[in-house]
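Order of writing sets the chain letters: A, B, C, D, E and F. Residues in each chain are counted from 1.
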Amino acid sequence: MKPEKLVAPEAAAQVIAEALPYIQEFAGLTFVIKYGGSAMDHGAEFRTVVANLLLLQSVGIRVVLVHGGGPEISRLTARLGLPQSTVQGLRVTDEDTMEAVEMALSGKSNKAIVSGFSQQGGKAVGFSGRDGRMLVGEVIDPALGRVGQVTEANMELVEIALDNGFIPVIASVGEDEQGQPLNFNADSAASSVAIALRASKFIILTDTNGVRADKSDPNSTISELTLAALYQMLESGAADQGMVPKLLAAADAIEAGVDRVHFLNGKQPNALLIELFTEAGIGTMLSGDSS
Amino acid sequence: MKPEKLVAPEAAAQVIAEALPYIQEFAGLTFVIKYGGSAMDHGAEFRTVVANLLLLQSVGIRVVLVHGGGPEISRLTARLGLPQSTVQGLRVTDEDTMEAVEMALSGKSNKAIVSGFSQQGGKAVGFSGRDGRMLVGEVIDPALGRVGQVTEANMELVEIALDNGFIPVIASVGEDEQGQPLNFNADSAASSVAIALRASKFIILTDTNGVRADKSDPNSTISELTLAALYQMLESGAADQGMVPKLLAAADAIEAGVDRVHFLNGKQPNALLIELFTEAGIGTMLSGDSS
Amino acid sequence: MKPEKLVAPEAAAQVIAEALPYIQEFAGLTFVIKYGGSAMDHGAEFRTVVANLLLLQSVGIRVVLVHGGGPEISRLTARLGLPQSTVQGLRVTDEDTMEAVEMALSGKSNKAIVSGFSQQGGKAVGFSGRDGRMLVGEVIDPALGRVGQVTEANMELVEIALDNGFIPVIASVGEDEQGQPLNFNADSAASSVAIALRASKFIILTDTNGVRADKSDPNSTISELTLAALYQMLESGAADQGMVPKLLAAADAIEAGVDRVHFLNGKQPNALLIELFTEAGIGTMLSGDSS
Amino acid sequence: MKPEKLVAPEAAAQVIAEALPYIQEFAGLTFVIKYGGSAMDHGAEFRTVVANLLLLQSVGIRVVLVHGGGPEISRLTARLGLPQSTVQGLRVTDEDTMEAVEMALSGKSNKAIVSGFSQQGGKAVGFSGRDGRMLVGEVIDPALGRVGQVTEANMELVEIALDNGFIPVIASVGEDEQGQPLNFNADSAASSVAIALRASKFIILTDTNGVRADKSDPNSTISELTLAALYQMLESGAADQGMVPKLLAAADAIEAGVDRVHFLNGKQPNALLIELFTEAGIGTMLSGDSS
Amino acid sequence: MKPEKLVAPEAAAQVIAEALPYIQEFAGLTFVIKYGGSAMDHGAEFRTVVANLLLLQSVGIRVVLVHGGGPEISRLTARLGLPQSTVQGLRVTDEDTMEAVEMALSGKSNKAIVSGFSQQGGKAVGFSGRDGRMLVGEVIDPALGRVGQVTEANMELVEIALDNGFIPVIASVGEDEQGQPLNFNADSAASSVAIALRASKFIILTDTNGVRADKSDPNSTISELTLAALYQMLESGAADQGMVPKLLAAADAIEAGVDRVHFLNGKQPNALLIELFTEAGIGTMLSGDSS
Amino acid sequence: MKPEKLVAPEAAAQVIAEALPYIQEFAGLTFVIKYGGSAMDHGAEFRTVVANLLLLQSVGIRVVLVHGGGPEISRLTARLGLPQSTVQGLRVTDEDTMEAVEMALSGKSNKAIVSGFSQQGGKAVGFSGRDGRMLVGEVIDPALGRVGQVTEANMELVEIALDNGFIPVIASVGEDEQGQPLNFNADSAASSVAIALRASKFIILTDTNGVRADKSDPNSTISELTLAALYQMLESGAADQGMVPKLLAAADAIEAGVDRVHFLNGKQPNALLIELFTEAGIGTMLSGDSS
């Protein structure tokens, strides 16, 4: 016996007829998803994101995940008794902290995410930016220690993984030319990956419903944003402080040829499917030209 | 500005999440659709069917259309002053009528359907069963004239067309070993095509909502039907007389290895999408085993 | 026991030694043959032409046939009681006549020719110019109704058929941008096909022995003709009126890069073999430069 | 202006129509031709044979030539003052004679033949049976010195040459397992090559018109011969003594699966073309079953 | 100017002539190298091993590295204040220790090794046994906590990496069917990898010169060992206690079809080259049959 | 038991570590080796050269051998009673001598060398410059008779042989445009082959230890030579007279883009391995720039 449906068949057919052209359009394209920090902490939400990404992969989208893991790092440095401080939102990263960052991200979070895909029947592989010199960078400011910015993104391993049906999961750690580890901001690392892969979409999963016009008003989410408007927000100070690095990473991606950047709430069930396959659109979509 | 939607985004996402696995499952499979007779007469409905078939093709389904064209034939024979008669639902087909059948189907209906696909941006190619000896047959009964049954189905042209992204549109006309034309029942010809292509689905578009348990009760549509139940219907006389050749063609297909036969109402908007991509299911689905 | 031969073995060897280099030279080239109208009416001659074309195909020539079918159309319009008139040799084609043209050509002649190849063991496939938007055109003159000229020739289906060993047989019917049918002059349509396929040869089978220097003298057949001489004939009025559209179609082909156009008598047995594989040459050969 | 022809165009077309199916049938097949001894001495005849073989190659036949060179050997041994003797038609081959055989065949005849192909625009490559251990053998009888029989035929080099459009020209010299040179009977070596290549035809070019029923009657040439009849001729002593090794080599080839062996007069102009592409047939054709 | 050499050119040529056949023989074969624990701690030795492995790769050997990292784990657990104990040489691994094991191995050692290859110009990629479900296992004994044994080895990622010129570096961590992490003995994990890859050689780099006949006598290294002799050593108690798990892992590999297992001293410079490319052989070679 | 070694394992490993990068570097490159004249006369030395060349081939080097054969020619002309003279080191070659040259080189030496490879398990194929018009030339000076210089080098056969794993062995005989044989200087022919193949190395095996600074001092071998220094030697008359044609052939190769020319003593055991795989270097290496 077939289950009763909340959506009438005719309406469902309408939804599907609307979705199919997107599915055809997206087949073979590359989407880079930044996921991380607090978004990763809640089991059920994480499982829904994984399920959504596997659905995207099932219809031919080349899905790449880049993650950070602030809470995990903080937990480990606390246990190790390492005092932490931040400068302009960046974690000051001395050698000991760098070791802890790498162990927490590459050793723990990365493999936990990979395992999450396996548990739903998917094929995923975890990388650090040090694998195959995927993400090479340089120190930003000696005062920040091992905090780095990406100067070279080598996507050979990622392409190989995608060509063979694996979802690459990349921890935002890399190294400098001398092989010493570097701690990258995950939004920025994800942007570098999206650019290097000539991705069609760069999707930033956060814990808010996209970008707000008024940082204090949760109902002011902007549906579509142009690059010009984004720069204006940054200049005018309208942007939420925590949002700034994400907005900059997004702008970099658009400037370098990524078609669209989407800001979505990773905690909203099926946010990815709604944004990608319906006209509804939730969250904020950034594009280069006014459209 | 984005349009208001009748379906809430969350519900739409649910519909899509449900549909995507079917899309993945169907990619690369072959579906043979019988379409014809009266179903073809109404412009808007025809355009919706074409649109649906192009959506199916867009997600990787190998779509093949087989058509008859009773009304078109009747119109031409009337204009030519050829008297017509039927025996057990089959049109008695003398030489003159055969010529009219071929001209109406291969010359007119076939090309009109192909053109309908072109008008929506699709790629279609019309075939007669005489092209490349696609459908070779023999006379059923001399009393019926050139009415034939298929004895040999050569799908090389159909496979080539599919491999190159064309939707093959096949008129239910063929020829005998001596190259003389034959008039096939379109349901039966479509069944032969589905079998020869090892199709996964054979979909019969009619002008009723599937198969009825009680031929006089429009609300008695059977949702799922097994081969055993179908044979019982035929034996008990429960089946609608006009439905009998369709049921027999469907049974042949299932016996020969086609996975499923679906009876759908070609006049119902998006019937194909509802049946294929939702759990709802409208119309009747026939399978080999009780499921 | 071996049969007695009319040609002495040594002479036969000479013929073969002369033919083999042509066979090697022609392998892989495309020849477009216009065949039609009255040439098609006589069974034995039609069978010889089909046999010759199959021999050409057997040694690697890519053979494409384009046909009209004036007599067939006239017969049908007469039966349907449609009055016919011509303006400057073109059939005035109202909607009803257009329907008859399409049914006679795409429905009847086209499939009869295809079947003729099948009966001799060949593989052929019939197309209308409406299949895959093969021949798209526009109305020449509203006064002529649906008479069209080709504006776009899409050879994908033809190439696919050739690559798979089929002889494409194309009816000189097409459609306009809105998908409404058009009636093309068959010589002109064949020329468009030859040009679009970058054919090496365009061969026009008629019922006379090539082009005459003096239209009233059957013994004045011109063996070789240059484009310049052809234009002079047209200007001076020396050309036979019925020959004019053929000469124009031939000139178009040469102008657009087809190597040679041959005018042959389709009723002369083996005319194709004599013209192509011996030094004798019968009929008229048109080339771009004086050779 | 076109030249006058000895053969009427219609008759020529008939010859061509008859030849084309053979051309199609032979394309891609391998023909091994034994050519040699006295047949090679006359310039014009040699050039005709080369021309014929190039024509065969031009229509897709894989042509392999195997040659001996008795007269050339005799000339060299005479100049070197080496006394020669034969036992049962085989040249007694001491070490000095072996050296002369190899120099005359591999060094002189082989390269002269290759050059003959080059002079007519063909691509040929000369091999000795020692190249790539193509023909490995063993001594037949110590009393005959280095006279050998083939025990192993490695066709890799021959296949590579054919695949790349070269005509392989093989001298009937080989070596034993220890790498010491051996002198093979050329008919027998050619038969080994035909067998190892799974050739369709093995053609022996001699200086007589095929096999005679009565060795003293030049008009008794047998047109078709079965294996049974051949064995009977050998037993009854009807066969010409000089013909015996050729007949044995031919029988070996048929027994091992070669379709046909043809005995032709290499001095008759175009004998190869007449035999292969006309019904006439000159010379003698040997097949396995009575046909 | 060329440098003076310690080895005379003739002797060097002899060495090379001896080595080249091994190089040819090994090209395309897979060698799994277990490296780890204390062997990894000394910079210069580690760099020599990396250099040797890159040389092996340069001549076509498919090199796979599997590593543990006891000292690294002990350091981290100490810093985290986690009390450690061992049972029969296996680290009792509660949840907290498991987390530390994974962070130390997958997060730190694994990436440091990968970086070591990069620093010498090589291409390497780090995996955990959790990537792509590479090493799935089950708990050995609840009393030991998360200590596991491999039950399923999926080498797809390893094969892909090798096919693309990367050296896979695998940490001896995996997971169970529920996705919970497991701590594998590195020798045993490496053996599972060698078996699953159908490796030709499994090379265990330790800090002693192979297997000793008398565990207390450093000069009693056995040059060649059969499986039978190995089992006898295990039964008789002659084997060094620390060597037992390595011997068992080696025996498993041989039993499952790996050709040879080599025990080498990872601290001896160029031990890999000497063992693989010279007749000298240092360390111990284990094979299945007495050779 | 393993044999005692003259070279200590550590030193051997050093030799191998030094050789492996060369092996990787040389894989897939083409080396043309000139071998001939007196160097070929001594069995053991010849076998060592063959063994060395097979080792080179085993690690992926594309080895081509070009040979002359002065002593063999002199022996045959003497036996045939043909008086011989030389002008400036070139053998005056009348028709009779040309025949003897071709028989001695293409018939005897060439096949003996090929057989030498076979005896060591290698795959080799002998060519004359007449095969496939490999080496076409013209007469240098009518007074010298058939002495030629190469004007056209067609390497198709050589490339095919190499691609299929055969070592091509080329006799320095060719032909002119009319197909008449020519006698080439073997050094010069080898240089033409090296140039046409875009070889990386052209190696001249002689019976002296490279090029001497002082022609009368056997200890004055020059280790590395630039093109400039070579031209100076030729101008100053410092070069040994017998060395001049070799030096000119070498200079031609370097001028035309061959990377290096090496002069080695073919009688010195393993000279090829020492020169190619060790830093030692024996003999003389010529390069285009001062290095």
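As a convention for this text, contacts are C-beta pairs under 8 Å (C-beta built on N, C-alpha and C of every residue); 3 or more make two chains touch, one makes a residue touch a chain.
The structure presented is a predicted model; accordingly, all values stated were derived computationally and were not measured.
What's the fewest number of moves from chain A to chain F, given that each move must go to a chain touching the current one?
2
Please name the chain that ends up farthest from chain C once chain centres are defined by their CA atoms averaged.
That would be chain E.
When chain D meets its copy chain F, do both sides use mostly the same residue numbers (more than half shared) or mostly different ones?
Here the answer is same, because the shared fraction of interface numbers exceeds one half.
Using only the C-alpha atoms, find the rotation that maps chain D onto chain E and quote its angle between 0 and 180 degrees, to the nearest 5.
Rotation angle, to the nearest 5: 120 degrees.
Between chain B and chain D, what's the gap in Å when you average each chain's C-alpha atoms?
62
Centroid of chain B to centroid of chain C, CA atoms only: how many Å?
36
Could you tell me the distance, in whole angstrom, between the mean C-alpha positions of chain E and chain F?
Each chain's C-alpha centroid was found; their separation is 46 Å.
Could you list the positions in chain B whose residues touch two or more of the other chains?
none
So what shape is it, when you link every pair of chains that touch: line, ring, star, complete or other?
ring
Reading round the ring, first chain C, next chain D, what is the order of all the chains?
Ring order, starting at chain C and heading to chain D first: C, D, F, E, A, B.
In their complex, what parts of chain E are in touch with chain F?
Within the complex, chain E touches chain F at residues 2-3, 5-7, 9-17, 19-21, 23-24, 51-52, 55, 58-59, 223, 269-270, 273-274, 277-282.
Note which residues of chain D are touching chain F in the complex, please.
Chain D residues touching chain F: 76, 79-80, 99, 102-108, 110-111, 114-116, 118-119, 123-128, 130-133, 156-157, 160-161, 164, 166, 173, 175, 178-179, 181.
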